[in-house]
Amino acid sequence: MTQQTQVTGWTREEMAQRLAQDIANGSYVNLGIGIPELVAKFVPEGRTFIYHTENGLLGMGPSPAEGEADPELINAGKRHVTANPGSAYFHHADSFAMIRGGHLDLSVLGAMQIAQNGDLANWSTGKPGAIPAVGGAMDLVAGVKQVFVITQHCTKTGDAKLVESCSYPLTGRGVVDRVYTNLAVIDVTPDGFQVVELCPGVEFETVQELTGAPLRSASE
Amino acid sequence: MTQQTQVTGWTREEMAQRLAQDIANGSYVNLGIGIPELVAKFVPEGRTFIYHTENGLLGMGPSPAEGEADPELINAGKRHVTANPGSAYFHHADSFAMIRGGHLDLSVLGAMQIAQNGDLANWSTGKPGAIPAVGGAMDLVAGVKQVFVITQHCTKTGDAKLVESCSYPLTGRGVVDRVYTNLAVIDVTPDGFQVVELCPGVEFETVQELTGAPLRSASE
Amino acid sequence: MINKRVLNPAEAVADIADGSSIMIGGFGEAGSPIELIHALIDQGASDLTVISNNTGSGEVGLAALLKERRVTKVICSFPKTLNSTVFPELYREGFTELELVPQGTLAERIRAGGAGVPAFYTPTAVGTPLAEGKEFREFNGRDYLLEHGLAADYSLIKGLAADSHGNLLYNKTARNFAPIMAMAADVTIVQAASVLEPGEIDPEIVVTPGIFVDRVVEVADPAYESELIAAGVSYP
Amino acid sequence: MINKRVLNPAEAVADIADGSSIMIGGFGEAGSPIELIHALIDQGASDLTVISNNTGSGEVGLAALLKERRVTKVICSFPKTLNSTVFPELYREGFTELELVPQGTLAERIRAGGAGVPAFYTPTAVGTPLAEGKEFREFNGRDYLLEHGLAADYSLIKGLAADSHGNLLYNKTARNFAPIMAMAADVTIVQAASVLEPGEIDPEIVVTPGIFVDRVVEVADPAYESELIAAGVSYP
């Protein structure tokens, strides 16, 4: 699996765009830092998503215009944002009541590893000496109705991210519903990984080769 | 103890006035329904008390002027009230967080029975067929820093209200700090009831006779 | 576009099925969503469990729903009020069951139900008959009771203003249980004196964020229990 | 008359003793009470336990307090940020202990500490290393962890406006942990850009009622971490 197969597949933007297609109109969505944030650029025509940022804003809008940033209007990644009409501010206990209480429809997160049983590892490599930092990831995966992971199919060194069982410390147990990678859209089912859709031009066998656990093909 | 000794002692207003002397400036106070409400009429010169009503208002003011009542601005007794400058509205969970979290300085309540160990019974006679109703009394006695009871020394039928142990269902266990009756001010101490002050003209022996548990006199 | 407005109270409560659990806001008449309750009476659902601080007054609003024998259980802290005769009769008769909960425990259980907290410990009611059968535990030398989160199929609440996203403002002490009940139900239905466009409510002063609200209906001039009772109204 | 105003940040933090536990509001620089933290640095208290979501940036504010070796323990969810070099060094050296808590659990523990709830159950972190050594319990077929309320000797928070009774408003996402930290400390100290008279804040929009606040100090033009860092400031 560490073999460098030459496939590129979807770009980050295409992955985000593909994921956005699967979000229903009116959904309350929390987008993690990184690729997940790109989803907001690809809201399908005719739909509205309402973005929750766990530091206390529902109805988060895009980055402010140059010179209009307020250092106290930021998202969970501590970047300057705006507030859309119809938004609301609230404190952290209320914000995580929304998360833990199952009021958010969707959490989109990055990942280090996803296991075939839905386990997610995305907060720590567990390496000695590293400064552990967890933020709200464990709350999001434990509380939000649906959890989508968006990630490159393999690590920069070519290792599989979709695995039989995670070697990194878990963020949550059996929490991932669907994975969007540069190569495929893959559901986590009671029978393990199930390919929903392949990136055009990418063969099932290629994806299987780059995956550390058995895949079921879309037609199965 | 059911003997009708002829003593009247303080009026309800005098009892309330006496109690008000013992409240420090700036205290956050919850006044129960009935005699406790009278306390607000006797705030000593130079002091300010801030009244909490558990249905969601801090900074409660007096009854509104004729014709200025809002049916949605009421106290826990469901009577029309006003909001003083510097007040705040909040929901029930926040209101009882103030109570349970020990943020209120004083709760003033009526009583059916007070035991010498500080047990309080003030919500139910426990009679079969009665409709039980508890409201916020159990929360107040469990959470507020100090609990003062203000009550007639005896029931209408002449029974003692201060007793060795309560026969009525409890509101709380060991929660009463001090009792203000028409006859005396009495502390609940680890050694039982301790008279702090007698109503002028009332003899210690008279109070003892009307009390269902041993009293220690003020000089002891 | 997001638009949670519904046309009228009847449409707002149309899908409430027999056997549903329903939280109903209000402390006495303050915050009682009378028009939604009356629509529920008209709608006909029965065998309901109602979670509410009181049991209504006279024969309007919540008391009228009880009188129509549609509520088989109430979870509440204070089921008697001035002018409250309906519930006592149903209770004595054995038609309506009562789960009596201290007011603060009721509030905290509802908040927990909305916040994904299945259970918590509280000092309230330790040593009293309301602790009977409950689990105890000591923390730092003090006894506490285990209490469970409380959720419901529906919440019916009253706001002063809403926007079409469901953001809510309340009127004074009518706020009481509404914000936490909005959190704790699968479907939260709001009657508000005005329903505004998104952006018309300052995001800094929103009390209930729209995520907790499913339907809003404008009831521009809501009735009050006391007024209806004074006018001799008995619903329906 | 009730007046919780104090003259300046130095007076506000004067009584904080060595060994105190201190909650410090803010999420990144939003809501960080920099002037109060700098006053605490000047004041000299050491061996502090700090409860805060992050550990500060650069060498100003919370990071500067850490750098002065005044904090022996932090309880936090995310102790690394861009420009955050101070904490990692103290942590590796073993000078400052870390209790890592998921952000929502941290928030709920603080609220519980303020609300008189000694412990509660949460699904967060089940099956992860942060659950190690914690008590589990199943409710309705799902596993939950027992988590304990968190309280502190002091809270230092930042508001937009206060009145002399301690009622508070916040600015946008600077609200974050401040309202719950105000509830959970014995002494809550607030810096606000303006301190008003009672009645100048509408009681309907108060976010933190004055009962949770002990001292308010006006800091009319508060600094931001990012500005200080950009200006090359290293405190003191």
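So that you can tell them apart, the chains are marked A, B, C and D in the order they are listed, and the count of residues begins at 1 in each.
As a working rule, contacts are C-beta pairs under 8 Å (C-beta built on N, C-alpha and C of every residue); 3 or more make two chains touch, one makes a residue touch a chain.
Only a predicted model underlies this, so the values are computations on that prediction, with no experimental measurement involved.
Chains that touch both chain A and chain C: D.
The greater number of contacting C-beta pairs, out of the two interfaces A-D and B-D, is seen for A-D.
The mean-CA centres of chain A and chain D are about 29 angstrom from one another, to the nearest whole unit. Chain geometry summary: the mean Cα position of chain B and that of chain D are 36 Å apart. Each chain gets a centre from the mean of its Cα atoms; for chain A and chain B, those two points are 56 Å apart.
Contact of a single residue of chain D with at least two other chains is seen at positions 108, 111, 115-117, 122-123, 170, 172, 204.
Within chain A, the positions touching two or more other chains are listed as 57, 83, 89-90, 93, 96, 99-100, 143. If you sketch which chains touch which, the pattern fits none of the simple shapes: not an open path, not a single ring, not a star, and not all-to-all. A list of each chain pair in contact follows: A-C, A-D, B-C, B-D, C-D.
If you check the complex, the residues on chain C that touch chain B are 27-31, 53, 77-82, 87-88, 91-92, 98, 100-108, 110-111, 122-130, 170-180, 207, 224, 226-227.
Contact residues of chain A toward chain C in the complex are 25-26, 28, 48, 50, 52, 57-59, 83-90, 93-94, 96-104, 143.
Listed in rising order, the residues of chain B touching chain C in the complex are 53-57, 70-74, 78, 83, 89-93, 95-96, 99-100, 119, 124, 126, 129, 131-139, 142-143, 169-174. By the touch criterion stated above, chain D contacts chain C in their complex at residues 108, 112, 115-123, 137, 139-140, 142, 144, 148, 169-170, 172, 204-205. Residues 1-2, 111, 113-117, 163-165, 167, 183, 197-199, 201, 203-204, 206, 209-212 of chain C are the ones touching chain A in the complex.
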